[in-house]
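Two complexes, one shared chain (chain A), two partners (chain B, chain C).
After this line comes the complex of A and B, so read on.
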């Protein structure tokens, strides 16, 4: 029996080895290497480095651009997360009702999330430009646009990227919520209806508790994604104007791959990792406590 | 068991056979380059194929993009190995040479020095680390229809700063969706290329004699930045790509751009009335300097066959190849002074303006810290354009921050 058990474990290990190798090579090693590099002043091209201890981390907390990047990333996350989640739930509720052309609307809402992010960012850059369609629509509604277009104003550049992100992400999360909604037993709604529950009561007592596991998943997923925002900034604003759209990942990119300050960039990346881990843990704890 | 051992032996044998075939085959070169457009890529492929036939070698082409090419090259060079030959932007040569990643080509150059133009960006710390491959200067594109609407005669193009500013303001006043001047701002790696020509025209020099400080807060710096700010106020602030779109759409009076815009105007908007003019002169110095950028070919220090790599560089810059390449890219300024450049009659005057401007054009200073200086310069200019700092404050900030970076290198 013991021999069988040992042989079983070896086979397990054999089958797991590709995954384990990937984990060690592409996950664990980069994390450790990145932390090790963040303790040096490693320059990519010269290859020279010296151990500097926590100097890079100290410099980061005195770097206005990095602090601005943290602030912008937090604003982006806090601004997009609730709106995206609410839009996704509303769209899912709308599509879960027995409406004509349901499949058509489902495809329409999901479509933005399958288009290349670069393509979407380029299209939105045109829409946001001076004289673009968004300015024209605003003028029809009697609203004035920024002098040089939405992406060239410190006030509107980040909100413009946030709006695009909400438009693009809602459809994807909608599909997840729709799947969760469709798994709720119909009988629960029938029973609630028999008891005379209103739409809001049915939503609060039946729908919402069943959506909570998916809500937890979406909130954590969206938070991580929001903290890693890069492509939109790279294509649309390059962190400007005046660092108003500088985000943490863009900062890491600028330091590491443009200025070649690999050690400093790695320190910023490690802080981002710690920040995401902390927030995901807090969200998990908070939502689980509320669910219980 | 026997079977599996036999299989293993066969596999090792086959691998060995593969290796020996490779060792006995033609010499191989890897060449990374940026030309992926359907107009130019076939010409590049043809030149590589001709070289393969001539040198009995195999050239493996790798494509780069301007969006992430710098990063890809940096990683490629930092890793062991990497490509043998690489196309670099002119302002990257010093940076990579200072990192010890580029081969000093001085012993290999021979007669190339006499036939090719613009060696300045290729030289660093007494060595020559690159060979010029393509040059491109910028001139002032003028919308003739808008100038006519603003009351200017058909032959008018601005020759001086005051004329340009006055014309930009008059065009800007034509309507809400018409803009006088196309101004770059908040766009990294572009903005400095628009400011430096005015700075140079005003007599400014970026670095002090000892290279350990910048001199932007000089009178030339102040005059040129104040002028750029006035121009920006009489126009549209956008990215270079979008500024050109606005010009092609007939909504902008003046844009500073390169040869690629000529091709685009002819293809996309043949009816638009436009003209090119040399960069306007500062009335104080009487000179209108432009920016010249270029593509340079370099050899990786880790290349296994530097002589063959250099032979490829020679082949690519031969007059017949350079002429075809210039024609494909729409360039009016071939890098080889002996290159043939057939032009249709409509383009001859346009080409003449570019060729004249090239004589009064400057590349970015060759300095290993240029990328850091560029970043600080653009950050400071942005502060002034968005009115967070006055011109004098922004320039002082730029000099101060650049000084900190440069003094770290020079150990002061």
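After this line comes the complex of A and C, so read on.
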């Protein structure tokens, strides 16, 4: 056995077993169970349990609350993703252009994304309240705030959560873009500058192509995260007012673990899973085609 | 291409303004937690501000916040240590051995890494019930002891270091355990530091799983307690801000000490994952 370091040893199975056990028990099993349970009308409290086939899924598509949850989740994603990405790229470009004390500013901009979402949501609940600081800022700009604060108006609750999300996650994605920017060889810029390329031309010809792989990653990661929005809704609005901030994960929680309609909630979770997979695949395909 | 002094001053000013936007809400929380002077609508009454520790005193005397605080510390510490050991073990085997099904195991790590965690909250709840670990420390710890990101990071890191030292140890008759403990783990110190800080922070802040996997007050972690405190009639905004500050404090300390490790971890996860 000695000398052949690549062959499998008896201890190796032991070393792998914690991961294998986690994989089987806490990943594979829940995914399979989730699918199985979504085909039943399992209700934890009444103990109902019967195979109903695709009934739950048909019911979901006739459920106004669920449709509203899908709409809100899509609005949230489509609204935040481009803004967050643009802010992140701008911040990264700004920091990358040899700014003094760059490391310090980088840390400060990134800081909100290491703090617990619950903490951030609590602070913003207060900032968004009637008479709170956001309203005061709005009044300075000549805007009038909703009567009961931003989180208690159907018109402003979702946009308010979206704005907080953009504020919170821009620094996180900035960090990723900064890493991508720093891997671009300096000579490319020097060569472009030598040929008299303008700032915009340099950005288009040198920077953008190098940012593309990271852009693809950020867009997909951001979509997956956006589709899973839950904590903000739980802490700030509980899906209200009148379902205006109801999101898919909040719907899954409320149906499945609050009302204990396990089968119905699991069906919604599975649709979410399918939706995320579909969108990630589409984005991958779209951006790949554009890059080639 | 040296920046002019004026231009560079202007840029620093802009940088400071942006920094203020990112920091201001936390400053607001911090000031609020040390004062009692809040107007009815929830803004600080700057003219009547009085500095006090009563908000913090209340939390520990009346609301027993130390229970979730200790729970969070315990769970995050155990999960972090578990990941450091188990992810190294799995990463080592995946990096150094060739066996049937090895590619499949590696693929499972990457696939699982991409699965959105929130879609399995219901089966995780059922599983915890069936296993009889619902509302216990085991429910808060077991599912998170070996995170796919950690296995992936450790495999990548170990693949990149030469196997000479392990071979030398093996020739001298060291057991596989000794090799892991005495050779591999010390060589992996930088990666372990990055992974450790990352796992601790993610666990410290995590909300949804601790929330759905526990039900009693004595089992709550800090973020869960904080989110549920909000609904209490007896608590006011300065007290809530004091609790939020306590929850954010370890994050802030870790961030100041290890901000480079934290950013490295995120970038490593992104570039390789």
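A few remarks follow.
The rule is simple: the second predicted complex is superposed on the first by the 269 of 292 C-alpha atoms of A that agree within 3 Å, B and C clash if a C-alpha of one lies under 4 Å from a C-alpha of the other, contacts with A are read in each partner's own complex, and residues count from 1 in each chain.
Note that a residue touches a chain if its C-beta (ideal position, glycine included) is under 8 Å from a C-beta of that chain, and two chains touch if they have at least 3 such contacts.
Only a predicted model underlies this, so the values are computations on that prediction, with no experimental measurement involved.
Overlaying the two complexes via chain A brings chain B and chain C into a clash. Using the contact criterion defined above for the overlaid structures, shared-chain residue A:191 touches neither chain B nor chain C, since it reaches no partner. A count of residues in chain A touched by chain B and by chain C gives the higher number to C.
In the superposition on chain A, contact of A:131 is made with both chain B and chain C.
In the superposition on chain A, A:242 makes contact with chain B only, not with chain C. By the touch criterion defined above, A:123 lies against chain C but remains apart from chain B after alignment on the C-alpha atoms of chain A. In the superposed model, A:45 makes contact with chain B only, not with chain C.
In the superposition on chain A, A:154 contacts chain B only, with no contact to chain C.
Touch criterion not met for A:208: it reaches neither chain B nor chain C.
Of the two partner chains placed around the shared chain by superposition, chain B is the only one that A:259 touches, whereas chain C remains out of contact.
Contacts of A:284 after superposition on the shared chain: neither chain B nor chain C is touched.
With chain A as the common frame, the single stretch of chain C that clashes into chain B is 62-70; none of the other options in 62-70, 116-124 or 170-178 do.
Shared contact residues on chain A (touching chain B in one structure, chain C in the other): 125-126, 129-131, 234, 257.
The residues of chain A lying in touch with chain B in their complex are 43-47, 125-126, 129-131, 148-149, 152, 154, 234, 237-242, 257-260.
Residue ranges on chain B touching chain A, taken from their complex, read 67, 70-71, 74-75, 77-78, 95-96, 98-101, 177, 185-188, 236-239, 242, 251, 371-372, 375, 382-383, 386, 388. Considering their complex, residues 1, 3, 8, 11-12, 14-15, 18-19, 21-23, 25-26, 28-29, 32, 39-43, 86-87, 89-90, 92-94, 96-99, 105, 108-109, 112, 114-127, 142-143, 145-146, 148, 151, 163, 166-167, 170-171, 175-177, 180, 201, 204-205, 207-208, 212, 222-223, 226-227, 230, 237, 240-241, 244, 247-248, 251-252, 254-255, 259, 262-263, 266-267, 270-271 of chain C touch chain A. Chain A makes touch with chain C in their complex at residues 2, 5-9, 11-12, 15-16, 18-20, 22-23, 25-27, 29-31, 33-34, 37, 91, 94-95, 98-101, 105-112, 114-120, 122-127, 129-133, 136, 167, 171-172, 175-176, 179, 193, 214, 217, 221, 224, 227-228, 230-231, 234-235, 249, 252-253, 256-257, 262, 265-266, 269-270, 272-273, 276, 280.
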